[in-house]
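When the chains are written out, they are named A, B, C and D in that same order, and each has its own residue count from 1.
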């Protein structure tokens, strides 16, 4: 057993310890904090598995935005904690343990006994990289070889924002999501909210731009941009826009819309839906990604803000 | 030359790890929020700074080195602001009791 | 060199876990607010070292992302923790002035 | 025991933990967290299998990686929708319980929704 394996066991143990904490601890707020820590450390496992694209996504979502989303809910639901009393009985508990143990055993068996090396599509992906002239194989899969999945994923984002908005009470329909934050204009929070976003926006665009040839991409970059927007909102520098605004809705559909147009263009001029002509592949993909990073940033920020709560005055 | 670089790395990263240790001991031993905050921010920022310093000789290019330093500066900025906010909250919580 | 750096990552991870134990156990919510800060710094240090060990230069980009988002998460921790404290009439540091 | 195997076993346990929390924890927000834990375990399994399928100078099979990235995004949007539903339920009834036996408190809805 060498030192690398020991390190891997330590990492897995810490991550699992946080998982157990998240499930077992009594208070919801503590569980949320535990889950944020879990999400950040899982990013380390992904780096160790040589999947840096996923590590970036996990750091942005699992640790950053997802954590903030859960935390906000935990803070607002704190008063409701007392009303939950009905804990499951002994029988439910024991059968849940049995079911979970069985699932874990089956998955562990699959990990131990499945063939190594596993069947792979990596050579096919690398072999067809010429078609897009992008060097990052994951971006190639996301934007070209399985572009349909990515387009539908953006549609899922759009559907969920529609779902969230439709939960607004009647008097706030089409209004501002979330509470209006106010802060001391000379305070330290406002200072940070003025200083950090320019840096964050540069980092976001860098992560997006480098995604063509190295790990990164529109989603990870968009998540960073969204977090900077929400930071400015939390510091009271700006307010969430009323969801009925036309420009906002245009931004939200720009990414999937352009994707769909390019896809239909492929059907019209070329051979198949979403087939890019090889000479135009790179500019087309970049164009879609630029539209998408704006859409993603707006969507993620609004998902964090939640349902509209205040009507437009 | 590479030996000298490795020695710098080992020395700085060890010192950084020591500060992480000191921070954790502080977190475990100090009695109240403000002192624990002190332990956390001082030790972590210095610890990360030393780790970054240790990794600089191993960086492949100038750009990578600049990225490393800018990460440290970002964390310093964040640490300074967030610990201010936490400390204020803690103090107000105390006076209100 | 690789062995040393791997050991350093393991050590920092262990310190991170210990620090988390003390923070998560901590009596008040102000203690728990430090969690994001601690994971941010420790996680970034571990990532940078790990990137050098594994030979994944892009790990620096992950650390950069983490630096920005951990700052954001820490602010949100304080803000959200604050808004729940305000319900009890405590703590109105930055809000409502 | 190689590195990916360690993480694979870790992922299997995470799935089990998430499943257990999803079934036994009465608080809906805890159920959401448990479900996310379960999902993250499944994603890790993908990553471990992709690592085993590493070939052609790629450290990890890009196809499962792309699947996982899509999955993370979808999981995030589902979580956001679930939390919005939960907050609205809390706003409307003043409680977060899902059981129909609990006394509803509808009259206390200030928003008139």
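Just so it is clear, a residue touches a chain if its C-beta (ideal position, glycine included) is under 8 Å from a C-beta of that chain, and two chains touch if they have at least 3 such contacts.
Please read these numbers as outputs of a predicted model, since none were measured by experiment.
Among the pairs A-B and B-C, the greater number of C-beta contacts is found at B-C. Annotation: 27 Å between the Cα-based centres of chain A and chain B.
Separating the centre of chain A from that of chain D, both taken as means of CA atoms, is a distance of 12 Å. Separating the centre of chain A from that of chain C, both taken as means of CA atoms, is a distance of 19 Å.
Chain A has residues 4, 48, 50, 65, 74, 76, 188-189, 192, 196, 199 in contact with two or more other chains. Residues of chain B in contact with two or more other chains: 74, 77-78, 81, 85.
Each of residues 59 in chain D touches at least two other chains. Of all possible chain pairs, the ones that touch are A-B, A-C, A-D, B-C. Residues of chain A touching chain D in their complex: 4-5, 8-9, 12, 15-16, 19-20, 22-23, 28, 31-32, 35, 38-39, 42, 45-46, 48-51, 53-54, 57-58, 61-62, 65-66, 69-70, 73-74, 76-77, 80-81, 83-88, 92-93, 96-97, 99-101, 103-105, 107-108, 110-112, 114, 116-123, 125-127, 137-138, 140-142, 146, 149-150, 153, 156-157, 159-161, 163-164, 167-172, 217, 219, 300, 303-304, 306-307. Those residues of chain B that touch chain C in the complex are listed here as 6, 9-10, 13-14, 16-17, 20-21, 23-24, 27-28, 33, 36-37, 40-41, 44-45, 47-48, 51-52, 55, 58, 60, 64, 67-68, 70-71, 74-75, 77-79, 81-83, 85-86, 88-90, 92-93, 96. Touching chain B in their complex are the following residues of chain C: 1, 4-5, 8, 11-12, 15-16, 18-19, 22-23, 26, 28, 30-31, 33-34, 36-38, 40-42, 44-45, 48-49, 52, 57, 60-61, 63-64, 67-68, 70-71, 74-75, 78, 81-82, 85, 89-94. In the complex of the two chains, the chain B residues touching chain A come out as 74, 77-78, 81, 84-85. Across the complex, chain A is touched by residues 1-21, 23-27, 29-30, 32-34, 36-37, 40, 43-45, 47-63, 65-70, 72-74, 76-81, 83-88, 90-91, 94-97, 99, 102, 111-113 of chain D.
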